[in-house]
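So, here come the structures, one by one.
Consider the two complexes below, in which chain A is the common component and chain B and chain C are the respective partners.
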Partner chain A sequence: MAEYTLKLRRYDPQSGEAPYVEEYRVELEPHRSVLEAILKVKNEQDGSVGIRCSCRAAICGSCGVRINGRPGLACHTHLSDAARTGVNADGVTILVEPMGNMPVIKDLIVDMDAVHWKKIQRVTPWLLPKQPVPEREYVVPHANMVDVTQTMACIQCGACVSDCLSMEVDPLFVGPAASAKAYRFVGDPRDAEQFERLKDLAEDPHGIFDCTHCFTCIDACPKGVAPMSQIMRLRRVATGDHHIVDRNNGERHERAFVSLIRGYGLLHEAELLPRSWGGDSWFGKFHPAAGRELLDSLPSIAKAVARRKVSIRGAMLGHRIPKADLKAVQGIFDKIESKGRRYELNLYISGVEDDDEPVAAATSTSESESA
Partner chain B sequence: MKVAYWPGCVSRGFTPELHGSMAAVAPLLDIELVELDRACCSGAGVIAEHNQELADTLNARTFALAQAVQGADLMMNICSTCQGAHSESQERLDANSEYRDAINGTLAAEGLSYEKGLTNKNLLWLLVEEIGLENLKKKVKRPLTNLKVGPFYGCYIVRPKERLGIDAEHQRDHYLHWVIEALGGTVIDYAGVHKCCGFPIVTMNKEASLKQAGRHLGDAMDAEADCLVVPCPLCHLNLDLQQPGASKVVGRDLAMPVLHLPQLLGLALGLDPKQLGMSKHVVKPTAVIDWSAAVVGAPVPA
Partner chain C sequence: MPAHDVLIIGAGLAGQRAALAAADAGASVAIISKVHPVRSHSVAAAGGINAALNPEDSWESHAYDTVKGSDYLGDQDAIEIMCREAPDEILWLEHAGVTFHRNDTGHLGTRAFGGASQARTYYVADITGQAILHVLYEQLMKHSDRVARYEEWFTTTLLQDDDGAVVGCVARDIRTGALEVFDAKSVILASGGAGQAFKPTTNALICTGDGIAQAYRAGAPLMDMEMIQYHPTTLAENGFLITEGARGEGAHLYNALGERFMEKYAPNKLELASRDVVSRAEQTEINEGRGFPDGTIALDITKVPRKRTLEALREIVNIGKDFAGVDITREPIHIRPGCHYIMGGVKTDYDGQTPVPGLYAAGEVACVSVHGGNRLGANSLLDTLIFGRRSGEHAAKRARTVAMPKTAPSVLNDAQGEIDAILNRPTGGRRISEIKNELGETMNRYVAVYRDAEGLATARETVQRLKEEAPNAAIDDKGTVFNQDVLAAIELGYMLDTAEAIVMGAQERRESRGAQYRTDYPERNDEEWLHHITISRDADGNPKLGTAPVTITKWEPQERTY
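Our next item is the complex of A and B:
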């Protein structure tokens, strides 16, 4: 048995009172879960504590909370691990708060309908079958279904939504859980609307190009869904296979970045920004869209030049790797880009090879068709 | 210690003070830098978004060049974004021999090959794990007395934990706190410590991007930090170069100097702010911090 200090963030919006933190002492074995500690408090000390839970086995996704600042399932977090989490962890204190980015209904219960489920509905989370519908079942290649199993592991707990850093500044962002759900159908060969789904998410100013690439959802997910990786796959199929040029500069930014690295070996920052707005060529900076942005950024640019952070010459010419190396790098680009298929190694599916026992890559390398 | 040193693109482009300050502090830390000047951009996640095999091959080439540096103990990054992009590629390369062999097949045209198991560390990790905090403390000539420093880690060296080797034994998401303390500074905790600077979406959603930067800078000001320290030049671009724009987006005055990690080290190791390129910042640390009371002019501890 060990004694823990359980700090629960209490809040009842109907009371008119501000949120506060209430402390409880709980004696439990260190391998027991945070949920068990909360329920023990509720049963023995304070029946008014609000917590949502059901299966207690990390299957139903009901008990998503923040534990010492990190999102997770209360039933899936050992007390000993929880007490060691966070910069100021002391091994004894566990602060449990409701998930973020969603309104609180009471104490640790958040309104999933208001945010999470609305976003899930936004991505048309059902199959839009190809016509004609076969008389019997569709026959789907095994590799295609394996490809979407990672997104199917989602239990809709909302942990990724809770800590999404893009959603924190842009509540309209479609978000990690809904994006992973979108890939579930984009990656399904039975679905007829791959292009439309991607066009919709690419053109939405709060769609797939609004993800700030912070990896928070990957760490938050208790099921290894890696929502951010699914967003990157959505982008890859949208730009690589369908060549969707979106109004948010997502495709242009990617294309400009890749072509600048091919051309210089190193990033030519001064070219990247105008090309992301105005198109991937030296003349991109003269496009009206680029002009507006450059004008807007003029104070920063002027300051950078005045402070000798950036020289005019450097901004014009950029920097590059030695000629022979650039040629070798371009050879790599040519070889890989000329392949008809993109190769992706998804470790969620292939696993990690044991040193003594190599796994066959042939079965674990997923291939995606290039248009 | 000799390291195969990857400075990244931005430290030699828009944040030249990072490259310069790293060169200035390396001898004081007994680090010999062998620059990987033949290597190319890590892809910063964008090339991987475009084509994973392409990103992994370009990074395997960098790793192979690092492994070819005679006598180097390991490879070192000073850009968190490069570190994250490298770690992602290395995770796949090390996980599957058939995949690795296929990529080495492409590198063979240049006579290069990547061998599984490269040690590739960010400067921050190297400070704690290779040099050691006790050793670092001994090298301090001018403790960061009266300097209140807010750590800003950036995403790429704190997430995803498993890939980056962060666990109870390697609390790499605490190291910046420990280094600031070892250098004699005061750590300021604020809401943005482990959050995103917003840089990756600056061309896609500038308002959301600068709102992130502006909030963190404002939070650090509210927590009364004198400056932030970042181990990533891309974070520096959004937090310093874009600070005037971020100020407009969040609707408050911001004046928060943002130091690169080698600059903070350099100050404690006895170098002058100007020598460390601090005059190149948009928000000049020399203009905001009262050096007569902190670090430079601070009373020498007994």
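Our next item is the complex of A and C:
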């Protein structure tokens, strides 16, 4: 047994008062879950504490909350882990708050309809089956079904939505969960409208190119759905397979980004913008669209310089890295491009991250050394 | 005031399937659920769904396995319907978008499951229930114009007209606390089981027997209530489920002496005997001192190739890691039998109709009875879908023949009065959780794998006492927004009614059949007990025992060995 200080963020919409934090002491074994601690409080001390919960085993997706500042399922977080991480990290104190990016209804309960489910609805979340519908099952490769099962594993808990940084900046962003839901159809060979789905999400200014690769949703997801990876795959399928060139310039921007890294090993900020808008070459900066975009972006550029996120010199001239390093970076490009097809990382197919078969591990080490 | 042809209470697989079927049949439909539909407990069904879809398989074989699994207490006409219609249902799901596992040729692939003579279980990794539930919800979103959804609405009572027909319900909007009358020509209960009357249980916190008690209070008989399935592989500490799919994929059971003890109890099917048989075997090993010190048995999944486990049993890899601290791909995990499923429920025919006009039931809340004394693994998803659909279709058809009822809004005063009475309870009573714990521990002690007259009498007395204490249980929350305290008080009443019926059924059945094993009556006795036991409420509000015949079509009762 260990004693924990459970700090619950309370909010009673009927009281007319602002949210506040209430402290409870709970004795439980360290491997018990944060949900068990909250339910202990609810059962033994204060039945008015509001939290959605049902299965207790990370399957129903009800108990999404923020624990010491990090989004996750209360039932899926051990007390000992919770108390050691995030904002308190003193081994004793666990602050539980409602999820972010969604309005709070009461205590730890948020309005998922207003945000999460609205966004899900946005991506036409049902199969648009290929016609004619076969008499028996659609015959599709094993690997494809395993592939979409990764997104099917999403339990709609909202943890990824809670801390999505892009959504914080742009509340209209379709967001990680809905994007993963979209991939569930785009990756499903039985769906008839993959191109239309992708075009729709690429052309939407709040669509798949609105994500800034911050990885927060991958960290937050309790089920290994890796929403950001699904967004990146949507992009690759949209641009690589369906050749969708979107009006948000997402596709061109990505292409410019890649060729700059290949050329310089690091980002060359002054080149990125003109190439994204004016075409992926040194001449891009003379394109009128690039000039317009540059003018529009001046305030952001000035801010970035003022905050020393970029130096003028580095931005203008590019960053230099040692020749050997540059060669190594380019070696990665060569290696990937030499493969006949695109490899997508999917934990449902490839097994585990730490697949520890000794032979495979040895091979990959020697290869990376030679590169 | 909402009025619909068909009103469905509960939005798990049975409810959602009923809604889609009723809408397809042209009815105006509403579906009410106390949780968001994808939180329904169907989401936890792991292993798969049975159907004789392979050309080498036959529905007769599936039906026979089900009849034998039920220990001949299942109604064979209903079982025949379920097994005949199963293949088309799988294809319907596949066409709707369920991402079923494919074999090397890209066709639907199967896995083996307990009590089945063929590998006929279709699956999505070990998240089959979740995958189907989410796909059905996709369909509900698609058909938003035809199915009205009332998510997070709690049904407090069924409404009946002067003739006793069910004509709607009163429900509370959990978000605002407002009560509303729902008029309906037909009402389908699809609100799931009652596992929370036991502690521990694999069931979610929402499985509190709501529909069972609501129907019982409306005069509908309950049937086979004594038949509680103890699942052979649940975690000792918290009751979490380890899917039967693990044994289907090849996992073994060992006692503390390292013996693969199922060789003794089911020499042919071993770990894949019926659940009642495996659970009893485990409990015998534990009771006779051959279990581990924590009262468990070892489930060894390391027999399954690691890559296969990671792909097909991913969820229990996570459960093992997160909730038991065990890497199941490398070491055995300790399990024991645990409360999992109620075969009994509201008595219905194979169109979901209860004897109360206008009232239907489907899924775990209902007892058709296709599971009889013991349900086969992967038959529950099938049950929810087949009888959910049939209920939806029949309820829609019935709706064309009756006028839209109109319940006077004054019933809301009574309903509000009941809520207010709960809110205004004096302090000082026992806590709801305390009563619930005592109920759960009592049931799990005396109404479990092995039962006897003395233990059942103790359980009965305890339930009676708790029924007296429950109306005084203390309430902390006086608000109207998401007042979960008030809901818990109502749910406690539902659980106690359900538990009482379970205990009475177990006391009445003085034989051993399926999940009911009486140490004082250890034999199956077809002469006296080859019939269903029913429980209904008499005019004074007391439970009354009755019987109903078992329908036998093709398969005469035989000795049951695996």
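Please note the rule applied: the second predicted complex is superposed on the first by the 286 of 371 C-alpha atoms of A that agree within 3 Å, B and C clash if a C-alpha of one lies under 4 Å from a C-alpha of the other, contacts with A are read in each partner's own complex, and residues count from 1 in each chain.
The rule is short, and it goes like this: a contact is a pair of C-beta atoms (placed from the backbone, for glycine too) under 8 Å apart; a residue touches a chain by one contact, two chains touch by 3 or more.
Note that this is a predicted model, so its numbers are computed, not measured.
Contacts of A:Ser297 after superposition on the shared chain: chain B is touched, whereas chain C is not.
In the superposition on chain A, the chain among chain B and chain C reaching more residues of chain A is B. Once chain A of one complex is fitted onto chain A of the other, the partner contacts of A:Phe257 are limited to chain B, with no touch recorded for chain C. When both complexes are overlaid on chain A, the residue A:Glu44 reaches chain C alone and has no touch with chain B. Legend: residue contacts after superposition of the two complexes on their common chain; A:Ile321 is shown touching chain B, with no touch to chain C.
Under the contact criterion defined above, the residues of chain A that touch both chain B in one complex and chain C in the other are 351-352.
Those residues of chain C lying in contact with chain A across their complex are 35-36, 38-41, 43-44, 91, 94-97, 99-109, 124-125, 127, 130-131, 134-135, 138-139, 141-142, 151, 175, 204-206, 238, 240-241, 306-307, 310-311, 314-315, 318-319, 322-323, 325, 431-434, 474-485, 488. Partner chain B is touched in their complex by these residues of chain A: 84, 87-88, 165-166, 168-170, 173, 205-206, 209-216, 218-219, 226, 232, 235-236, 239-240, 248-250, 253-254, 257-258, 261, 265-270, 272-273, 276-277, 296-297, 299-300, 303-304, 307-310, 314, 318-319, 321-322, 325, 328-329, 331-333, 335-337, 342-345, 347, 350-353, 358-362, 364-365.
Contact residues on chain B toward chain A in their complex (touch as defined above): 9-10, 12-17, 37-41, 43-54, 57-58, 61, 84, 91-92, 95-99, 102, 106-107, 109-110, 155-156, 159-161, 168, 173-174, 177, 189, 193, 195-196, 198, 200-201, 203-205, 207-209, 211-212, 215, 241-242, 244-245, 279-282, 284. Remark: chain A residues 12-14, 31, 42-44, 46-48, 50, 52-62, 76, 78, 105-107, 109, 112-113, 120-121, 125-127, 129, 133, 136-142, 144-146, 148-149, 152-156, 184, 188, 190, 348-349, 351-352 touch chain C in the complex.
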